[in-house]
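Chain naming follows the written order as A, B and C, and within any one chain the residues start at number 1.
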Amino acid sequence: MDFSAFLYQGLVGLNLAMYLWLIAAGLTIAFGVLGVLNFAHGSLYMLGAYFAFTLYGSLKLNFWLAIVAAAALVGVVGLLMERFFFKQIYKLDETYQLILTFGFVLVFSDLVKMIWGGVFTIPPLPDIFKGTVGIMGRPYPVYNLFIICAGIVVAFLMWALLERGWWGKMVRATASDREMAAAMGINITAIFTSVFILAAALAGLGGALSTPVRVVDPGVGTAVIIQAFVITVIGGLGNLKGAFVGALIVGLVSAYGILLFPAVELFLIYVIMALVLLIKPKGLLGG
Amino acid sequence: MASTNGAKKVPRISRLSARVLLGLLLLGLLVVPWLAGSYVSWLVGNILVLILFAAGFNLLFGYSGLLSFGHAGFFAVGAYVCAKILLAVPSFFLAQAAGVLAAGLVSAVIGFFCIRHTRIYFAMLTLSFGMMIHSIIWKWRSVTGGDDGLFNVPVAPLSVPGLFSIDMNRTENYYYFLLIVVVLCLVLLWRLVHSPLGLVFQGIRDSETRVAFCGLSIQKYRLIVFTISGMYAGLSGVLAVPLAKAAYPGMAHWTFSAEPVLACLLGGAKTFAGPVVGAVLLFVIKEIIVRFTEYWSLVLGVTVILLVLAFRGGVVSVLEKGLLPRLVPLVERGVKVDRVADRWKTGKKFRGFFGGEKRGLANPGRDAYLHYRSQRSRKNHFD
Amino acid sequence: MINLITGNVEIDAGRILLAGKDVSRAPIHERVKLGMTRSFQISNLFAQLTVFRNIQLPVLARRGLVRHFLADLDAFPDVCEEVEEILRTVGLWEKRGQVAGTLSHGDQRLLEIGMAIAPRPKLCFLDEPCAGMNPVERVQVLDLILRLAREQGLTFVVVEHDMDVVFSLSDRILVMNKGEILVDGPPDVIRNHKEVREIYLGEEVSG
């Protein structure tokens, strides 16, 4: 295998990493602020894909509009989940929180089966994303390039939102000390809700963006959530920068793993996860 | 004394009737193949496997406070080793024993790493190790059959050369074997959680520092409980093979690890009977509801959400708290994690072997102690 | 400081000697085997177990009986007897059947002490044994500590900043301020020490 093929595989990994980043980002901020590790987060990703499928594939809406609307709809689902269910469990033991979110995994997987059925056809790409560009003498799909850019843009926006704005300040304050933040007059309830909406919308965005290229089925929720867990653990639970790095690691390891040692590719990812937990439980970027 | 007051409202049943009920249940299980035929035996056999899986899991979850998402891995190790041996040599005992031992070995090694953490980190670690096992099974096609799994596993007869040979391919025969093993293992588990060692596990759940200050190594006992629990999972996997005549990768997937978690939650993790009842319920939800609607996981999911939000004690505690205390006296009998409260509370009323019928929770240990006490001094120490 | 000696927190510098042995790096349970126990400022009990079981566990552990995995918990009469003795000493025998988490604060503190003495230590650290107690309960606890020290010959190290408690208990007092030992001596010396009187409201350690 020559060097350019090696580099090219990096781009493949990068593309995968960006989908994973979009899922893991939401999972991480939700954990960091709310303290709930959400098993159903992968299901929100799946919902995003299904919404986009209906809006873009069936209703023939404009691509951009469909993506944004799908993400927003998932945000609304997140709002409902937080308001009516998660709110009740913040005081509970983590174990029960995990199990409650797992209940949602079961519900969502059947709901989409009910509404959309099992069949799923990939809608065609919008015209601007059709075709490929030549990178190192190989064709690389324009859409994948777009995903990489989109991931980086989202990362930048998240950074700006959390590090620069007043909302970000309040979120960070809440994440580091809930009681203290409440005592300072921050409306914790509103912060929790808004963070969860954002987290859900991010997962929805990831799902929506995957619609034209990846097949989605009712089981996809349980498949992606494990990868998202691996990423958040590698980066450190609740650490957003870590999640980005974690997504890159998992994306690249998967891409190169398939190329170099296909037999142990999956295994390798879980080994990394276990090693990080054992050696640096706070994550690679954790303190 | 809230607990005493609460306990007074619940009518306790006597040890005699509890035994009668338990006996009836066993008798019912014994006549299943005879009355209901081989398909029902097969179904009940599957429930028994799930019961054992959930009960062993609860030793770790309910009694030691560790939530594992990797138990499916041990289940699968047991199942695959058993199936592999059965495919190679027709030795029923060897296959079963090797499966359990392999699962025990694997869980001891994995446990060695996992017990360094608790709570969410422990859950994530067990998840990653469980998924490692899954990915090995998935990819190591030459040995494990990859995504097809191992199928058409021949079930060797249970035989002692020269003495007897029982055909385990017949579901009814295997059912009896399964019933005996599961009941024995549950009795063993019952003894374990009511033994000094079981008390250590519960102590670790409530306060690990305190256990350390009793002069005990927390890590050592955590590893012990993890390994025992893993062996129970492995045994369940082994026992599942002759029923399914196969071993498949789904057995190792984390969603299968969630089954005992759900069983414990449905039934109630704080009681011994909880996971047993929960496993039955889980199976019923999956197998029965699927006949009415295709969307059983929706039903299960809604049940789980409701349970977490409203009835965290699980079905057993709902029953116990007075919904059906008279109708389900067996469950109500307080197959509780720690029954000493009742024992000592009722000690006052205790008047001999069958005395205090109405509230006395009879127990051989208490009997022995009371007997000892009364011999030591004629005075009544229970004022 | 208790956390360092008992091993809850790892030490950065210096050495900890227990009965002539260096235990600076030893895990908690090793130190306990050398005859050291403690109580906690915030009650640290087996909250879901009964009072009886709370004491039974350390007694079983000390006697090396926890390896029994098939025997019934109450199958060891001498253990039960010892548990009864301890529970009577701390005055919780009547409440033996109650789940520890549902005890009143005062009773939890008493149980805390019971659990600390159950491993029969040579040296027992008590971390603010009277924290958050009403005057009646306080007298109870002080009485108990004195009784244990006199009758059973136990050595207690009591960390406390309530000077009344300190003076009523101690044979020897160490006053610490900002990590340094200020004075070391019998109660009379301490009482008349000028500097101690000045920082009377500071942090003090007695022993």
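Some notes on this structure:
The rule is simple: a residue touches a chain if its C-beta (ideal position, glycine included) is under 8 Å from a C-beta of that chain, and two chains touch if they have at least 3 such contacts.
What you see is a predicted model, and the numbers here were worked out from it, not measured in a lab.
The chain with its Cα centroid farthest from the Cα centroid of chain C is A. Ranked by number of C-beta pairs in contact, the top chain pair is B-C.
The chain occupying the central position, as judged from C-alpha centroids, is B. Separating the CA-averaged centres of chain A and chain B is a span of 36 Å.
Chain A and chain C have centres, each the mean of its CA atoms, that are 50 Å apart.
Those residues of chain B whose C-beta lies close enough to touch chain C in the complex are 1-4, 188, 191-192, 194-200, 202-203, 205-207, 209-218, 221, 270, 337-338, 340-345, 347, 363-366, 368-369, 372-373, 381.
Every residue of chain A that touches chain B in the complex is listed here, in rising order: 37, 85, 88-89, 92, 94-96, 98-100, 102-111, 113-114, 222, 226, 229-230, 233, 237, 262-267, 270-271, 273-274, 277-278, 281. Of all the residues in chain B, the ones that touch chain A in their complex are 61, 67, 113, 116-117, 119-121, 123-125, 127-129, 131-132, 135-136, 138-140, 254-255, 258, 261-262, 265, 294-298, 300-305, 308-309, 312.
Of all the residues in chain C, the ones that touch chain B in their complex are 6-8, 27-29, 32-33, 37-38, 40, 44-50, 52-53, 56-58, 60-62, 65-77, 80, 84, 95-99, 102, 115-116, 118-119.
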